[in-house]
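The chains carry the letters A, B, C and D, assigned in the order they are written, with residues numbered from 1 in each.
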Amino acid sequence: MSTILIIEQVLNGLQFGVMLFLMAAGLTLIFGVMGLINLAHGSLYMIGAFVAAAVAGLTGSFLLAIAAAMAAAAVAGVLVEMLVIRRLYAADHLDQVLATFALILIFSEGTRWVFGSFPLFLDIPSEISGPVTLPGGIEYPLYRLVLIGIGLAVAATLGWLITKTRIGIRIRAGENDREMIAALGVDISKLYTAIFALGAALAGLAGALVGAIQSVQVGMGEPVLILAFVVIVIGGIGSIKGALIGSILVGLTDTLGGIFLPELFKLFMAPAAAQSAGASLASMAIYILMGAVLIWRPTGLFGARAA
Amino acid sequence: MIPEKLLNLVVLALLLAVPYWASLNDAPFTITLATRATIFALAAVGLNIALGMGGMVSLGHALFFGIGGYTMGILAFHAQSFTPLIDGPMVIEGTKSMPVIWAVAMGVSALAALVIGALSLRTAGVYFIMITLAFGQMLFFFTISWSSYGGEDGLSIFLRNEFPGLDTLVPFNFFALCYGLLVLVILFNARFARSPFGLALNAARQSPDRVRAVGLNPQRLKLVAFVISGTITGLAGALFADLNRFVSPTMFSWQTSGEIMVFVILGGVARLCGPVVGAVAFVMLEHFLGGLSEFWHIYLGLLLLLIVLFARGGLVGLVARRGAAHD
Amino acid sequence: MRKLLLASAAAILCATGLQAEVKVGMITTLSGGGAGLGIDVRDGFMLAIAQSGRDDIEVVIEDDQRKPDVAVQLADKMIQAEKVDVMTGIIWSNLAMAVVPSATAQGKFYLSPNAGPSALAGKGCHENYFNVAWQNDNLHEAAGAYANTASYKNSFILAPNYPAGKDALTGYKRMYEGGLAGEIFTELGQTDYAAEIAQIRASGADSVFFFLPGGMGISFLKQYADSGIDLPVVGPAFSFDQGILQAVGEAAMGVVNTSQWNKDLDNPTNAAFVETFQAEYGRLPSLYASQGFDTANLLISALEVAEPGDKAAFRTALKAANFDSTRGAFAFGDNHHPVQNIYAREVVKEGDVFTNKIIGVALENHADAYAGDCAF
Amino acid sequence: MTDAVLATKGLSKSFGALKATDDVTLDLRPGEIHAVIGPNGAGKSTLIDQICGGLTPDAGSVTFLGRDVTGRSVPARARMGLARSFQISQLAMEDTVLQNTLLGAVGAVGSPWRFLWPVVKNRRLRARADAALAQVGLTPHAAKRVSELSHGQRRLLEVAIALTLRPKAFVMDEPMAGLGAEGSKALTEFLDRLRAEAPILLVEHDMDAVFALADRISVLVYGRIIETGTVDAIRASDAVRAAYLGADR
């Protein structure tokens, strides 16, 4: 296995990781600030992808599609927050799990009802499609580099938002002490809606960006949702930094596990059996990683709050 | 409002009466539906011990359901193909005998619950939800690629397994077996809730510090409850496999975990017959709404939302007041 | 026409007062991610029933949600409550394995419009089980045969890590005579193939064979096209059927895939089918639609001769396959699986629509590898 | 010192830069009420947690009934007869008074691993619980849910649960907190009688109660014990006066 291949795979893992981060960041904010476990976050991702595909199909503009995806996901998020989620902040996790499970059913079949049962088409704009040659002679798709860039930029912006701005101070205050910030005169319910909208918009952005290189179809949100949960649990719920590191860890584990585990098994097994056993183990790898992290640190890598 | 005890009796009586009527009137599919509801109820009664009594929100109970199912599948597969389960110095044969299958399914589930519970209970809250989910996903992906037992295709068992002295191929007989087990487990559950252990477990959920201060270890109480819970859900899995004469990795999927949880909450958390009411209601919804529209999941979702938002006690909470707390 | 058909279908479904003589139970996937396939099979099937003008056939349609346990439950319902004579409709092999053995054991006829697991073609075959589509390996074998004619010497092959995926790679290798540059099992439901594509690039392969049904194939092709690798790709028709081809777009252009059917197959039945399907549903038919259509016509042809109640006669009538198939010539082998031509097709663009064009025959009168194991 | 039921030696615990307890040495002798007082933030709760086993000290040891229990868990110490009440009631709110008391009995008998026989029908457990309820005067409320009880009654219930353990020593964390004058007086009288049962380490804010009950008083300020002595000695102590007046100003 050549160095070039390994570097390329690391880039792939990184790209997968930063896309997961877009999902995980919203989830972890929503959990950290409002104490809400939102299974329907994957549906917002799906909405982003579908709206992007529909808008790109109508206008031909990818930028417009992305803007529309973020807006639509944010609007859906706000609606859901105001109609349903708002009543659940005080409820226990059980009610939240059930209610947002119900939302998944509604969103998935609702989307199928509106857009039909066939996958939609969404393509990379021609300006950023195709491979570029990186130093060292690695050929790598430009679009994936763009994704890495966008993901890291969002991570940096969020970091700045949380640590340096007024709203970030409020968000952090809200994580620590809900009554206190209400007493300080911050309209807590508007703050919650705003955070939910932000999280939803990020999910919509991820859906639109990833939709261009994947299949835009009903049910695309759930696998990503579960991975995003794995990420925030590894990183520690409520921590943006944890979400970023968790995302990249999961992205790298998943990508590199799929490559190297079969190779590893080939050292002491017949190739066909090794291929199959390695692939099986690779598909379990991130869950094993998560189990190990939680057994080692029961509140994740950067989690302070026992939820 | 009626007393919960009366409601429990009515629910269990109806669950028996409808299939009995169906067996007299040659409506075998009604019996199949009732059996399905009964088995789901059993799985949910199991989850309710962890969820309602122990306060452990497990999103991984499909794991035990699946383990029960695969135990049945693997044992029966070896029996029908006349191949030994384990070869070598010690030969273990498959079996078609239900009592043996049940015992093995419960044993394996209990063992799995012990290991998974011991690891998962180091965490709490959302972390617990997620780590149980993760264990479920591990087994899901493992069975998908476990080609010796069919992988994603699953395993078909051609004939229903046997129970001494009973023709299990008669739908009502198999229903009666499942129903009998459900009633046994509910009776166990009713006594269990009032036993010293039930009392301590209840307190461990509400106030772990207090439990520690009287000299008990709340984590150990919860672990035992988790094992009992997993064992019962495992038994339900074995029955479910026998009802379908088929097992597949779907039994391990997180949606299955979600559905078992839905049964509990739909009926009423920590209510003795809550899971039964929930499972029956779900099967009926699935049957009637499914016939109404191919988008029936939307209606199911709306209904669940309404329950969570406006009927916290579930369906049982709507019609029955909680029984006197101590008797 | 559309309204008329819906009305007649509704009349059939409701069976208002009139005593249907034959009852058909269709269990297929109508909701969730895989619904497109089931809808095509159903629409093709119902089109043929409507065109036959027979109002004595009642079709009961149920959605299995792609869940095996739901399919089993529905099968029980079809057999126990609806008391159907013939069953059909299942899309997925794992669902078929859950339903078919027990349905045939209970004396029902089952006509498979899509899934063809090897177990049901070989040792587990049944005299009342007829597969109207293909044995699962067939299209992969054809891809292997095509690879030989295209003189590929070093293929990189990949499929998901589940039984049908393993069958696919086995099927390809059964016919393919060249060497392998690599062999990968991906995760079922995987959406990102960057890692695999990097391996393909590094492997020195001269061609790629893949079997990634549904959304997985869409993702793979889009990412493959974007990677800049221009090795020829070959695969079975499942990733290139009419339903998903539009979602793949340009990325699929020029890809060779194998199928037992295509809309440009030159026979009058097919021409009429494509035209009426398009008029009826406003979209081009897929191979699944053609399979549903053929299944219904096979059933109707047998009903002309015998009643399902007379099992031996009805079985003989089915075996004769005396109907006009959209595939032209159609015959059953001894294990009641098709013996048919499998074509190589190429993805082309007609106007704004992506579709397939036949470029040659990959395998002629091809049966399956398991027929020898079958004894009724 | 050797006849002390419960003793700490050099207990220290820091949270970051904050020394919550610093070299705390005190003991509890048979039949006495030993009060620990101190301003808010003096480290009283941290001290109790270390004595009862919820926190592991950075340094120092805890001796109970002549045995070093520093490494033992909360349940292990409770089983030896160290009973505690909580500052904020820790009760199973959905359960009844009797059920809460029975929980104590189950813990005391040390066998929760009975799954089938109703706990209320178990004569041994029931007798223990009934006796404890009678002792605190809650028998008439036995069937009420805890959520229906008044604040004072919850305090008494805490004591009743502790009593079921047949304790060798009580550790009470501000039992008077939130009680009115009436309630405090009643509880004071009750605790006065209770010392015959087992000695009490009483951490309390209510000075009237402390001066009425305590045989000895220790004053905890910024994690250190600045004075230990009889009521009169503490009243007369300049150090205490300075600490309190200084702290309150």
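Just so we're on the same page, a residue touches a chain if its C-beta (ideal position, glycine included) is under 8 Å from a C-beta of that chain, and two chains touch if they have at least 3 such contacts.
Just so it is clear, the model here is predicted, and its values are computed rather than measured.
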{"item": "For chain A and chain D, chains touching each", "value": "B"}
{"item": "Winner on C-beta contact pairs when A-B is weighed against B-C", "value": "A-B"}
{"item": "Centroid comparison with chain C (C-alpha atoms), farthest chain", "value": "D"}
{"item": "CA centroid of chain A to CA centroid of chain B, Å", "value": "32"}
{"item": "Distance between chain centroids, defined by C-alpha means - chain C, chain D (Å)", "value": "75"}
{"item": "Chain centre separation (chain B, chain C; CA means) in Å", "value": "36"}
{"item": "Distance from chain D to chain B - Cα centre to Cα centre, in angstrom", "value": "43"}
{"item": "Numbers and ranges of chain C residues touching at least 2 other chains", "value": "30-31, 161, 166, 185, 187"}
{"item": "Residue numbers of chain B (touch at least two other chains)", "value": "141, 144-145, 147, 295-297"}
{"item": "Sites on chain A at which at least two other chains make contact", "value": "108-109, 112, 276, 279-280, 283"}
{"item": "Chain pairs that touch, as defined at the top of this document", "value": "A-B, A-C, B-C, B-D"}
{"item": "Chain C contact footprint on chain B (complex, rising order)", "value": "27-30, 32-33, 36, 141, 144-145, 147, 150-154, 156, 158, 171, 240, 244-246, 248, 250-251, 290, 294-297"}
{"item": "Chain B residues within the chain D interface of the complex", "value": "188, 191-192, 194-200, 202-203, 206-207, 209-217, 221, 224, 325-327"}
{"item": "Residues on chain C engaged by chain B in the complex (per definition of touch)", "value": "30-31, 62-63, 67-69, 72-73, 76-77, 80-81, 93-94, 97-98, 101-102, 105, 117, 161-164, 166, 185, 187-188"}
{"item": "Residues of chain A touching chain C in the complex", "value": "1-2, 4-5, 8-9, 12-13, 15-16, 108-109, 112, 117-121, 123-124, 129-131, 139, 141, 143-144, 210, 212-220, 223, 255-256, 258-259, 262, 271-272, 275-276, 279-280, 282-283"}
{"item": "In the complex, chain D residues that touch chain B", "value": "52, 54, 73-76, 78-79, 83-84, 86, 90-96, 98-100, 102-104, 106-108, 110-120, 122, 125, 143, 145, 161, 164-165"}
